Structures are given as C-alpha cells and as structure tokens.
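In what comes next, subunit A is part of two complexes: it sits with subunit B in the first one and with subunit C in the second one.
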Partner chain A sequence: MQPSAKLGFILLLTPLLLWLALLIFIPHVDMFLVSLRERVGVGKYDTSLANYRTFFTEPLYLWTFLRTAVMSVVATMITLIIAFPVSYYIAKIARGRLQSALFLLCLIPFYVSELVRTFGWMILLRETGLVSNLLQWAGLADQPVEMLYNDAAIMVGLVYTSMLFMMVPLVTTLESLDDSVIEAGYDLGGTGFSVLREIVIPHAAPGIVSGCIVVFMLSLGNYLTPTMLGGKDSLWFTELIYSQFIVRFNWELGAAFGFMLLLLSSLIVWGMLKITGQTLEKTMG
Partner chain B sequence: MIPTIPQPRAIRFAYGAYVVLFFVYLALPLTVVAVFAFNDSQFPSLPWEGFTWNWFFGAERPQIGVFHERGILRAIGTSVFVAVCVSVLSVAVGLSNAFLFNRYQFRGKGLLYVIMLLPLVIPGIVLGISILVFSSTVANAAWDMAEWDIEALRPGMLLVVLGQFSFIATIASLVISARLQKFDQTLEEAALNLGATRLTAVRTITLPFLMPALIGALVVAFLMSFENFNTTLMLVGSDAPLTITMFDRLKEGSTPLLNAVSLLLMLGSSLLALAMIIFQRRR
Partner chain C sequence: MPSDLIPDLECTQLTKRFDDATAVDNVGFDVPPGSFFSILGPSGCGKTTIMRMIAGFLDPSSGDIRIKGKSMRGVPPNKRPVNMVFQHLALFPMMNIAENIGYGLRRQRMAKPKITRKVDEALERIGLPGIGTRRTDELSGGQKQRVAIARCMVLEPDVLLLDEPLGALDLKLREHMKVELKSLQAAFDTTFVYITHDQSEALVMSDQIAVMNQGVFEQVGSARDLYYRPKSAFVAGFVGDANRWQGRITAVDGDRMQVQTDSGLTLRGARHGRALATGDRAEIFVRPEAIRIAHSSTDLEQFDNRITGTVSSLLFNGAASRILVREAEGKEEIEVTLPQSGEFAALSKGDAVHIGWSGDQGNCFAAGNA
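Moving on to the complex of A and B:
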C-alpha cells in the first residue's frame, strides 16, 4: 500500500476497532470476569464458579431460563407460521401497487415503539378491555374476562412485536423466486403441497433462517412484553437479570445470568446456521 | 399457488380472507391506542365517555394534556437529544466502515466483518449490562488510582448513547455498505483523471451517490434509538428518555395521557418514515 492509502486505511480502521473493542469485546470479557467473582467480605472477592453454581442449583433460576428458551422457540414458530402465507401473498400473488401498499402497511406498526404496541394489547385484553366487552356483548361470557397476565398474553405480544422481522426477510427471498420455476413444478405433475415443499420452502430457506434467528433473539431478550403482559407466575429470564442488577444490586449473579443468556442465544443461532448451512454474513449482511 | 395457475375459488377466497384478517390483527392494537386518546375518562378503556381533546391540550387536573405535562415533555426532549447523538455517531462510523470494507483488502477482513455483525445477535439487555459493568469498572479504577470521579461513566445520558450506538452502528454500516457496493468506481477514477484530489473526488462524486443511504441510515438509526427499550433500561440515569418514562407511568396505571403520547409518537414516526421513502423514491 502507498503511504497515503495506508494512512486512509488506519483512519478508517480506528473507529471500527474502538467501537468493537470498547463497546462490545472488552465489556463482555469484563462481564464474564465479574460473573466469576464471589463476594467473601466487604469489597473482597474470590474467583470461583459460585454464581454459576447458584444458577444451576436454584430451581427458580434454571426453570425460568428453560421456560424462557422454550417459549421463545414456540413464539418463533408461531410467528413463522402466521407470517409465511402473508409474505407469500405479498411476494408472489399481489401485484404492482397493491404489493407495495401491503408491504408498507406491514412496516408501519413497527416504526412505532414496542411500548405502544404492548400498550395496545393491554387495552384489548384486560378485564375492562375491548375483547372482554365484546365477549359479554356477544353473550359468550356473563362477566368480565381477564385475559392479561398469563403466558398466552405474553405469546400474543411476542408474536405481534416480532412479526416484521419475519416478514421482511421472507418477502425478500420469496420475491426472488421466479414464477416459471413454480410453473415448472406444476407442469412436472407437482401438487400445491409438493411444490411448496420441494421448491418454495428450499428457496426461501435463507429468509426463514434469518427471520427465525432475529425473532428468537428478540423474544429471548425481550423485557417489556413479558413484564407488561405476563403475570406473577410468568417470569421471564430478563426480569431476573434486571432484578439482580437494579433491585438486588447483586452484579456478580446478574452478570452470570447475562452470560448464560448470551450463551444460550449464541448456541441457538450457531446451531440454526449450522443445520441449514447458512453463514452469519449471508443471513444478516 | 401463483396467479397464472388456476386454483379453486374457495381456496383463493380463504387465502384472501386470511390476509385481510392478518392486516386487521396488525392494525388493531394501534387503532385502539389511537382511539382511546380521545376518551373523556380517566381510563383508556370502555365505557366510552365522549370525545375530548383534553389529553392533548388540557391544562387542568385531572386531565392534563401532553403539551402541559412537564415530565413527558422533558422525556421527549431527552429522547430526541439521545437519538440525534446516536444517529449522527452511527452514520459517521457506518460510513467509515463501509469504505473500509469496500475499498481495502486486508488480513482478518472476513473475521472483522463477522464481529461487526455480532451486536445484532446479542440480546439488547446483555449489551446494556456488559457496558454498565465495564464502565463502572473503569470508573472505579479511576477513583482507586487517582480519586478521580468520572460522573459520565455512571448510568446516565452518555452510557445510554453509547449503549444504543453499540448495535445501531452495525445497522448503519450495513445500509451504507449496500449502497456503496453498487457504486461504479470508474466514476471516481474519472474525477481523479480530471485532476481532482482523492478527497474532492469522494466529496463531489461518491458522497452524493451515497446520500439516499446516508439519509435512510440516519432516519432508521433515529427511530431505533427513539424506541429502544432493553439496552436503555439498564443504562438509564436520572434523565430518562420517553420509552422509559412511559414504562414507569404504565406500571403505575394508565390514563389516556399515555394514549395521546403514543398517538403523537405514531404520527411522528410514520411521517419521518414516509418522508424518507418519498426522498428515496425521488432519487
């Protein structure tokens, strides 16, 4: 490289390295180190796995962790099942203005804060809410029905909140599927179902994977929706992290929880990429 | 299932109905939030007590409107300030990253690119606590070594900006990179042949070409910062941005005031998004 090009290179590299080192890499290493500390006295710490031991031996912690993981997987699958037909409709069936209008309509709700979306569901689902009133009016219930503060409400909120992140990659990949390929499938004697299974889904795989990864991540790390829509028994793992950090001020245990959450999400993302043979650059970039 | 292949009418109808139902589902929560902003009652729920503008303009208890509610106005101010800082910073770093990854070949480039994508797959709350832990480590070290109290490293505005920047910068980099990849580099070479310096060439040729992506990244970064919750929650100090303030209010119980704020938010972000789309179409 010429000296001037080298200078330019260094100038461009510096912000990137500063950002990744100071805000991503070192903080995570530091968090891991803190999670390995055990408080043995005032301002005195030992290095030990005590926090991780607490995590694995306290049933509430482990149970919440597993529950959060399973419910995030379920939320991801429901989102995929609801979003796929609509994405297919937008990408392959709607044409021209209708197509771009529908796609825009999908985007609008997500320019609005997640808090507002969750608030909307609260107004709909609570005891004095619209759904409860509607049921009473229709004669299906004879008293107010409380639909908030349970796992189903959390699920509704999670699916709603992450819908867009499934739709956008799905529509994009499905749009690139040539109509003639589908026609060829039918010409060769395929039925609607076999064309879907043999042609459409394999073609959409990168979109499905990247949508699922993002939705899973967002559900796993969500704090707002489970807190607002969930009840006393529907604890989410992020709520444990928050309470260790902010309420109990036990940063060591909180850091261990944070690390476990990071580990779980990385494992699942990595696993999904491996199973489907995708790479992070291709699905995110 | 494409238009050129005939399907039974019943299936087509069912499919269409499903899509309609889906859009009703998308619109429903936002519609109720908007409608109940005008309910003349203390609660954003049925029964409907009549139409009022009080939750926007009311100046007296019990119906103090958005424009007379100091706490909310201050929170909006904080949010705008944070969002401007985050979006400008993210676009600046994103632009630099786009040039770095498009124009230079160096060892470890692929690895660095993957690391740059990682913030997108780290849960927001983990980003928040890791930055919180690290900044307090630094602050404590500064105090232990020199009795130097760095107030800025305690939870507050600076940490909120840094925390949001740490993942929004990735998105800005991707948006700008995608556009720079489409740039025909011979245009820049032509400018150089005509006697321009490298900096002039970039400023007069490349940057105008990138402008739609820069504006797009700026708007997206602004909106993402404005509505960020998870990362902000862990790093917030005494001056809370709007989402955190609204969350605290919502926990105490909701009044249509929150609906009014939400409606303004919806209008604001839709207008911003629409303006961006129109700007990019015109190009």
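Moving on to the complex of A and C:
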C-alpha cells in the first residue's frame, strides 16, 4: 500500500476504532472488573465471585432474569407472526404508490419518541382509558376495566415498539424473491401452504433471523416500556440493574447483572443462529 | 372422437380484457398431441397473456381453454396438467438440483425412493447425471435450462409451456439450445407450446407457428407457409426480412399483377388469391434472398422484374451477407442477399450490377393494414 493511502486508511478507521474502544470495549472491561469486586469494608474491596453468587442464590433475581428472557422470546415470536403477513403484503402484493404508502404508515409511529408512544398505550389501556370506556358503553363491562400493569400490557408495548425493526429486514428479503419463483411453486402443484413453507420462508430466512435478533435484543434491553406498562409484579431485568446502580448504589451487583444480561443475549442469539442454520454474516450482510 | 384425435390443447374464442385494453381478442387454436406449437409476435402482442391464461395465472374474460378435452375454467394453476418453463427459469435457489426436480413429485406425495429414482432418470435424460447435489447457481445457463425443463417433465404434463426461455442465453448457446429443445421434445414426446419474439427460434423448432399481433392471430401455419406464403402484410414484414414498397396497382392478370410504386418503379408481383383490383393501393414484399444478382442482364432473362443499378453498400455478415443496390434512377435502395459461391466476392461499392426476380416472389397485399 502507498504511504499516503495507508494514512488515509488509518484516518478513516480512527473514528470507528475510537467508538469501539472508548464506548464499548473499555466500559465493558471496566464493568467486568467492577463486577468481580466484593466490598468487605468502607472503601475496601476483594476480588471474588460474590456478586454472581448473590445473583444465583436470590430467587427474585433469577426469576426476573428468566422471566425477562422468556417474555422477550415470546414478544419476538408474536412480532414475527404479526409482521410477516404485513411484510409479505407490502413486498409482494401491494404495488407502486400503495406499497410506499403502506411502508410509510408503518414508519410514522417512529416519528414520535418511545416515551410518547408508551403514554399513548397508557391512555388507551388505563382504567379511565378509551378501551375501558368503550367496553362499558358497549355493555361488555359493568365497571371500569384496568388493563395496564400486567404482562399482557408489557407484551403489547414491546411488540408495538419492535414491529418496524422486524418489518424492514423482512420486506427487504421478500422483495428480492422473484415473483416467477412463487408462480413456479404453484405451477408445479404446490398449495399456498407448501409454497410458503418450501419457498417463501427459506428465502426469507436471513431476514427473519436478523429481524428476530434485533427485536429480541431490543426487547431484552428495553427499560421504558416494561417500567411504564408493567406493574409491581411484572418486573423486567433492566429495572433490577437500574435499581442496583441508581437506587442502591451497589455498582458491583449491578455490573454483575449487566454481564449476565450480555451473556444471556449472546447465548440466545447464538442458539437462534444454530437452530436456523444461519450465520451472522448472512443475516447481517 | 377417438382419444388420439382430441387435441392436447384447445382454445376457443379466448379473450382477455384488462381495464381499458383488449390484450387477447377472440383467439382460437388447437394443438395436436406431441407437436411443437409456437406463438410468435412482437413484445406486447398478447402472447404472454395467452400463456398465463393456459397456465392458470390469469382468468380469461371469455372463451374457454380445454386440455385433453377437459375445460380448465376455474381450475387453479396447481391443479392443471400443464407446467411452465419461465422466462428466467425460476429455479428454486433455496434447493439443490435434485430437490428442484423433485419438488412437484413431493407435492404429489410420492414415496421418497420413487422420487429419487425419477429424479435420477430425469437427470439422465437431460444428459446431466450426478449433478443432483449441486446448487442452482453452480450451473451454466444451458444446464439450468435443461434442469428447468426436467423439473416440469418429471410431472408428465399434457402440455409444457415455454415462455421465451432462451432469451437470457448468449447467441452460440441459443443456437445450440434450439436444436436441443427440439430433440428433448421428441424424447419426452410431449406437446410443447412455446412463445417467443425471435422468429428464428420459432421457425427452427416448431411444427406449427401462430403469428400474433395486437391480440389476434394473423396466421397459423408451418414455418414454410409463413415464410413463403404469408397471408397478411404483417406476417410478410415480421417473419424474415423483406424489401417493401407501397404503390398503386396498374394491372391484374389472374394471379399476376403489376404495381407502380410511389417512387416510380414498375414491379410485377403476385396476389396469391387475395382480392386486389386495378387502382387499389397495395404493398409489395420481396425477400432479399429471392433476388438474383448478375453481371450482365442476359443472365436474368427468365425473370419478369429486372433492375440495373450500382452497389451502394456492402453489408458483410458471413453467410448472411447482403448488398444494397441503388437502381439506375437513384430513387430506391434494394437489399439483395449475396450468393456464397464466391462469384461476387470481389464486388465493391460503386460497381454496376443487374438484379432480377420472378413476379411470383413479390407478395402483394392491400396497403394500409400493417
């Protein structure tokens, strides 16, 4: 490489390297070190696995951890099930202006912040909210109905927040499927279901997996939606981390929690890739 | 009617109207079993619409399609005994070759070992044994072509539809595949319906060709009929090359006639039974290869059209080389095929030549309908 070209390459790479090193790598290393500290006295620390031990011996922590994982997986599945037909319609059935209009409609909710969107759900679902009033007016309920502060409300909020991140990769991969391949599937005797199973889904697999990874990570790491829509019984793991860091000033335990969350999401993403036979390069490239 | 007399494919008064346009207008034809039928026409003439109606992807506005005597109205594409080779082949990229060919058999819920055997047989038949485990993108254009045909043929359809499948191939391979398609058709002994805008594909392969223009069939016949006895000015102009002139008929004598072209030439032609009378406007078509070229006018005495002129350009194209001859009064340029005997190899621009052709070769049509 020419010296000047080499300099250019280094200059172009510097922002990325600074970003990775300063905002990702160094904080994580530091957090890992913090998580291995055990406070034995005022200002005195030992290196031990005590924080991780606390995590595994306290049922509330472990329970919340597993609940968060399972609910994130469920939220991802529900998002996929709702987003797939919508994406298929936008990518393969709608044409021209309708296609872009529909895609824009899916995008519009993201023009307002997540906080405002979540407040929107609260207005709809609370005891004195629209849905409750509607049910009473229709005679289906004889008193105000509270629909907030439970797992279902969290699920609604998570799916709603994640929808676009599932749709973008799905629409992109489905659009790249040649119409005549689908027609060939029918022409050679396939039914709607077998064409979907043998042709459409295998083709869309990279999009499905990359959408699922993004949605799963967003759900797992979401703080706002579970806090606002979930009640006292619907704890989310990020709330525990927050309370360790901010409320209880127990950075050591908070850091350990953070690391467990990182480990969990990596493990589930890896498992997802293994099960579907996809690679990270294929789904992200 | 005995079963072998029932046409494999029969279309009656087939019409397809889109919102404001009629894509296919009252077309009727039938295809006898085991024959190679082509629909030839320029793009936008409605040939793809016909094919999609036969395959079941479009519903006809009126008329009927019968396959082996059974009406196909209301039958979905996956229940029809026809299969289609798509323009870009549409092999399933998510499956390997064996899975591609076995796809239709799996849909018929055939037992696995039987599928494997049939797929192997099909691969053998298309001359590509042992490629079953390869991916579709590892094949060459010609191999993909054959796999696409095999994928349909394992289902033993009554009719195989081919939608310009050679369009994406390069010239040499296309020439090769023409011959190969014809022999595959003979080997599978299945009725092929082939649509194309490339006249040489249609002429080389077909038993019967329908020339289509603006939603109607202009003429249905053998390649030879279309080439030598076109029934309309459109067919004369579309199939093969031709010199064409417009003019007024000055004399009619039985089948023979005389035309005074607008540029002032007097040409003799034939009306081949068409209703043309003295004084009518007419168009006359003469094929470049029907014109004889000679160094002296005495060689051309047997012809009733004789023109003297000079070579205005040489269009060298190997076996299909032509010259343009400007006639003596300089009004017209006539395209003439150069004989390959070497006699005119030394011909160069500006040389004087004599050309002539028999009036029988000049096809006349009433002007204004092409």
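A few remarks follow.
The working rule: the second predicted complex is superposed on the first by the 280 of 285 C-alpha atoms of A that agree within 3 Å, B and C clash if a C-alpha of one lies under 4 Å from a C-alpha of the other, contacts with A are read in each partner's own complex, and residues count from 1 in each chain.
One rule holds for everything that comes next: a contact is a pair of C-beta atoms (placed from the backbone, for glycine too) under 8 Å apart; a residue touches a chain by one contact, two chains touch by 3 or more.
Remember, predicted model here, so these are calculated numbers, not experimental data.
On the superposed subunit A, the two partners subunit B and subunit C both fit, without a clash. Using the contact criterion defined above for the overlaid structures, shared-chain residue A:Phe245 touches subunit B, although it does not reach subunit C.
Looking at the shared chain after the overlay, A:Met163 reaches subunit B, while subunit C stays out of its contact range. Within the superposed three-chain model, A:Gly129 lies in touch with subunit B and out of touch with subunit C [touch as defined at top]. By the document's definition of touching, neither partner reaches A:Thr276: not subunit B, not subunit C.
Angle at the C-alpha centre of subunit A formed with the centres of subunit B and subunit C, after superposition on chain A: 90°, rounded to the nearest 10.
With both structures placed on the common chain, the touch criterion links A:Glu183 to subunit B and to subunit C.
In the superposed model, A:Ser48 lies in contact with neither subunit B nor subunit C. Across the superposed structures, the minimum distance from subunit B to subunit C, using CA atoms, reads 5 Å. Across the two superposed structures, the residue set of subunit A contacted by subunit B and also by subunit C is 183, 186. Within the complex formed with subunit C, the residues of subunit A that make contact are 178, 180-181, 183-191, 194, 198-199, 202-203. Remark: subunit A residues 4, 8-9, 11-13, 15-16, 19-20, 23-28, 30-31, 34, 82, 85-86, 88-89, 92-93, 95, 102, 104-109, 111-117, 119-124, 126, 128-130, 133, 160, 163, 179, 182-183, 186, 192, 195-196, 213-214, 217, 220-224, 228, 238, 241-242, 245-246, 251, 254-255, 258, 261-262, 265-266, 269, 280-281, 284-285 touch subunit B in the complex.
Put simply, subunit C touches subunit A in their complex at residues 55-57, 76-79, 82-84, 86-88, 90-95, 103-104, 107-108, 151-152, 155. The part of subunit B that touches subunit A in the complex is made up of residues 1-5, 7, 15, 18-19, 22-23, 25-33, 36, 43-46, 92-93, 96-97, 99-100, 104, 106, 110, 112-127, 129-135, 137, 162-163, 165-166, 169, 174, 198, 223, 226-227, 229-230, 233-234, 243, 246-247, 250, 254, 258-259, 262, 265-266, 269-270, 272-273, 277.
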